[in-house]
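Okay, structure first, notes after.
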Amino acid sequence: MNSYRKAGWLLPVVAIILPLFIGGLPSALNLAILVGIYFTVCIGLTLIFGIGGQLSLAPAAFYGLGAYTSALLSTRLGVPVLLGFVAAGVLCGVIGWLLARPLLRLRAVYLAIATLAFGDILNTLIRANSEITGGSSGIVNLPSPALGSFEFNTPLRYYFLVWAIALFALWIGNNIVKSRIGIGLRGLAESEIGAASCGIDVARYKAWMFTIGAILPGVAGGLLVHYLGFISPDSFTTQFSILIVMILAVGGRDSLLGALTGAILVTVLPIMLASYEKYSPVIFAVLFLGSVMFMPKGLAGAAMAAMSKWRRSRND
Amino acid sequence: MTHHHSSIARRHFIAFVAATVAAITPQAYAQSNAPIKIGAILDQSGPVAPLGQFTRAGIDMALKEVNAAGGVRGRQIELVSLNSESKPDLAASLAVRLSGDADVMAIIGGNFASSSNSIGATVEKQAIAYITPTALLNDAQAKWKYSYFTLAEFSDMAKQILVYAQKKGYKKAGLIRVEREYGEQGSKFLHQFAAQYGVTLVAEERGADGDRDFTAQLTKIRQANPDFLVVWFANPGGSLVLKNARQLGMTQPMMAPISMDGSVTIKLAGQAAEGVVITSQIAGSEPLPRQKAFIDAYAKAHPDAPEPNSFEAVGYDLVKMTVEALKKVDPPYTRAKVRDAINALDYQGAGTVVKYKNRNGPSEETLVMIQASKGHFVLAK
Amino acid sequence: MDLSAALQFVFSGITIGAFYAFVALGVSIVFSSSGIVNFAQGQFVMLGGMVAATLAANAHWPVPVAMLCGVVAAAAGGAVMARLFVLPMLRAGEFPLILVTLGLGVLIEALAVVFWGTDPQMLDSLLKIEPLRVMGATLSSDSITILCVLAIALIAFTQFLRRTRWGRAMRATAIDRDVAASLGINVRAVIVLSFTMAAAFGGLAGALLTPIISTGAQSGFQMTLKAITAAVLGGVASPIGAVAGGLLLGMIEAMSSGYVSSTYQNVIASVVLIVLLFLRPRGLFTALTRQA
Amino acid sequence: MLSINNLSAGYGDVQVLFDVSLTVNPGQCVALLGPNGAGKTTLLRTVCGFIRPLRGKIELFGKSIGGHPVHRVVGTGVAQVMQGRQVLGPMSVRDNLLLGAHVTMAREGAEGVRKLLGEIYELFPILLERENAFAASLSGGEQQMLAIGRALMSRPKAILLDEPSMGLAPRIVEHIGHVLRRIKETGITMLLVEQNPELAFALADRCSVIESGHIVLEGATEELRSHGRVAELYLGQAG
């Protein structure tokens, strides 16, 4: 608990001073922006997988839904991009809320398959209606977000926008984890009946976590495509959902620190491994399998355990 | 005992992680006679991997030739090749990574529209020249200043198919197409131009490349009784469409775009491939003069499968074009100079013909109409 | 629309469905004996197909021998997977086990791409019989072969479950691992056996399907997803349910492609799936087939 | 034949058994008595192999079995009737019985198992009557008989029984006691965990009382029956 609170202060400070060191390096700044975007996605999913213990394969669907919402609003209707992000969050939240109750009646693999089917439907609808969505070819030259006349059109400006949103998401996530709901959600992961018998309204908490787990990827999706300036359905496939699940498992799926670790891994690992060309998936798979088998709480969990062990040994 | 076993495994795993990290750490390089670097972003895994691997094979051939001939002004060409895993957003990050390496003079790669789109959008901001083995899709891309395309445009492919149909006197077209960007583009342009060539589209059906059976779609097309069938697909789906159509007793001539090019179509569709007409950029067994050198070299390197496909040929061209541009630049090399040299290219290669001064896509001569005949591809009559 | 077209849609559905059913059978075998959803099942289909095609095309082995080798290779892969990766994780819980099978799937595919490249491989048909032609509709000989083998495999497997010592042990393990152990059943051996058998069925499916659609090193994962969907539709805990789910899914796809729109065939299949899951969260055919 | 020496065991960080020692001689029946949560079931589950012992020795027929997997313990000739009539509900009565013969089948073949099945049906005629019914459809007493019959299908030299009387009507408990006595007469060794002292005293040659993971009393049934502490605990007589 203590280390959480420390991290809660540390991260904004690091986020603000980091550009002083890496502002001149385009690759590093690019990485930092993407980490911020994936961090927002991962916070949402940590609530669903880690703390709620549910295997949802819908992240790509909401990520894509949010991305298309803000991309289409800005290019087709001229809505300011920042408003588009808000609309993305609202739309994903509403759909998440509506789907939550029927979906979350399903357990384990049934939930995974139903959420997968939901993603498939969205992807096909996007591809099939090319007059509106640009179809499989996507849309290029998406505008940058702007606040009045201030445009977030350089990587450095975009960096601050992304991390402002990511830290806001972290604040929400942190409050949920600590709140009655969060304790309820943890109860869910332990035992549903146990949670119910403690007077926790299981269905409502599940719906809550699912909704927030839809809003955050939705906003992040908008952030991603307006950063890249380009959108296509190829970025929001089942493979993406599965990649997020895998990366969260490696990072540590039951803490927000794990979400950050996961976000860093999902950004940095493919870029680092890319030089291995066709061997990069082999290396990724070995790293993934190894960490699932030897680090059940993920990198974050392993680091925490190592740290508390070290502290204990120092105190002895 | 199991505990002991797992601790050994864990130690091996940690050693593996350490080795991976060590291997990625950048090595120091010598400045003076250092090789000239070209960055490559190829989709070597994921659904587009077949195209990425074809391109890579062509690139390798060209690199070997160029470096054996002494490189450019005594400096070897070094390829910094990265795998973008069929993920457009990863491709964009890799483009940023490559542009962060000051020695990389140009970027090649991107194996499908989404990845060349996102690499293109990135290089426009990073100001580094980029040549891609994909097709120019839209007006926005035509205005780009750093991105150059080598694959024939979909509008040209559609027109070529319609020209061929008109020549043969076919009036009614049936279309079955893949639910991806190239199928969508093909459909769009066939619809747009059909009337000009006296052709009507009487049926259009869609499918996914991984589908296991297309007889339901083909049955509906058969009911419209078209004169010819356009199969806008890639393998293996496209070959299955050919087989399913013949199996249903459809005897109409069949035509396909470049995505079906290559001996793999004959391997997969067997008898059903016989006679299929494809808009390609190379005819393996009947090369044009500009293609002769590449095909001979290819046959020497692959004696058991001597006929390259368009993607291998274009991959080969990517390196040759960059080298030709580098040769025209006075050292010291800068990205701006290299970009200008590429922009000035007037190049007739194995897989593509470009005059980038006019536009950043290839010229119409790039396309060749080929036909499967007795297990080989010959120029279509 | 005329009868001939309708019949062709049915044949199309059967062909697609037999494919899904065969892969779904493997998913169900593992699930019903160990409660594990094997996200690597499609990779065994791929392995069976690739090994058979490579031996037949490159080494020119006779097709039936090559197919048999494909089945053996897949089965061996299943056994190794269960022994080295699943058993050590047995006590770790459902989520980590899914992740392990997922990771293995990714690993097997990545290695296959390095070994075989991405070119799809082709194989001659096992039986060169005439296609079935009824009222202008055609069912290919390969589809007929698959349907027959699928029926035989399903009957053989349910009889194995009903009548043999290890079959009963598998069912008992599925119901309650601890009770099964208390009866002297080596639960770990049962799990290895079920992975091996599922992989063998997967390899057989791969070998038989290659002549129709060809097999590529990257085809496994998509098959896994379709198979799990089919199994979930029919009831993942029952082999008969899984096979029925596969046929149903294939039929829905072909019918929506034939009568509604090929653009929306996946949407329709997905909507049907979601609605059925809401109505019957444990699958359609579970109640009917609990015994088998 | 079964000897437990200074056994300690538990779940995770929670130790339940502390230096427990117990011996069951061939052909004898030993009853283990104790209140809820004393560690009776933990002891049985440790002997069976479900729980790895922390310290101490478990020997069967002179061979150490501590930490062996469950199925191997059963293979040495020890059958288990687990707590709560753990029949496999979705399977038929006959299949449940045949599953009990998983080990026997390998030794004696199909013919031997068929003979054995006949013997069990003779002992429990009701099971023959309900042969093809789902085990879940049986009444509580019938399920307990099925569980015992299934255990006998492995032709055990010893049986470990965990509260066979739990939740059953007195008339049925009496019937089960009768059956168990017949089984004992065939020379099968028994370790019986019971809360019902009448059944335990009726069957057991010796009794041990366990409280909070320690054996607090041990002796011949006759001696214990008159022991004040036992009377106070189990027979409801204020001492």
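Chains here go by letter, A, B, C and D, matching the order in which they are written, and residues are numbered from 1 within each.
What we mean here is this: a contact is a pair of C-beta atoms (placed from the backbone, for glycine too) under 8 Å apart; a residue touches a chain by one contact, two chains touch by 3 or more.
All of these numbers come straight from a predicted model, not from anything done at the bench.
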Of all chain pairs, the one with the most contacts is A-B
Point out which chain occupies the most central position, where each centre is the mean of Cα atoms. C
Max Cα-centre separation from subunit D goes to chain B
For subunit B and subunit D, what's the span in angstrom between their mean Cα positions? 72
Centroid spacing, where centroids are CA-atom means, of subunit C and subunit D in whole angstrom: 42
Could you state the distance in Å from the CA-based centre of subunit A to that of subunit D? 53
Rounded Å distance, subunit A centre to subunit B centre (Cα mean): 33
On subunit B, where are the residues touching two or more other chains? 6, 45-46, 49, 53, 179
Touching at least two other chains at once: which residues of subunit A meet that condition? 124, 128, 278, 281, 286, 293
Among all residues of subunit C, which ones touch two or more of the remaining chains? 88, 110, 113, 263, 266
Touching pairs of chains, which are they? A-B, A-C, B-C, C-D
Provide the residue numbers of subunit A that touch subunit C in the complex, in ascending order. 49, 53, 55, 102, 105-110, 113-114, 116-118, 120-121, 124-125, 128, 238, 242, 245-246, 249, 253, 278-279, 281-282, 284-286, 288-289, 292-293, 296
Of subunit B, residues touching subunit C in the complex: 2, 6, 45-47, 49-50, 53, 179, 205-208, 210-217, 219-220, 223, 235-236, 239-240, 247-249, 264, 267-268, 270
Given the complex with subunit A, which residues does subunit B contribute to the contact? 6, 9-10, 13, 16-17, 20, 24, 42, 44-46, 49, 53, 56, 80-90, 92-94, 96-97, 99-100, 112-114, 117-118, 120-122, 126, 137-138, 140-141, 179-181, 183-185, 188
Residues of subunit A touching subunit B in the complex: 25-27, 30-31, 34, 124, 127-128, 130, 135-138, 140-141, 224, 228-230, 232, 234-235, 239, 267, 270-278, 280-281, 283, 286-287, 290, 293-294
Show me the residue ranges of subunit D that touch subunit C in the complex, using the header's touch definition. 48-50, 69-72, 74-75, 80, 82, 86, 88-91, 95, 98-100, 102-103, 105-106, 150, 154
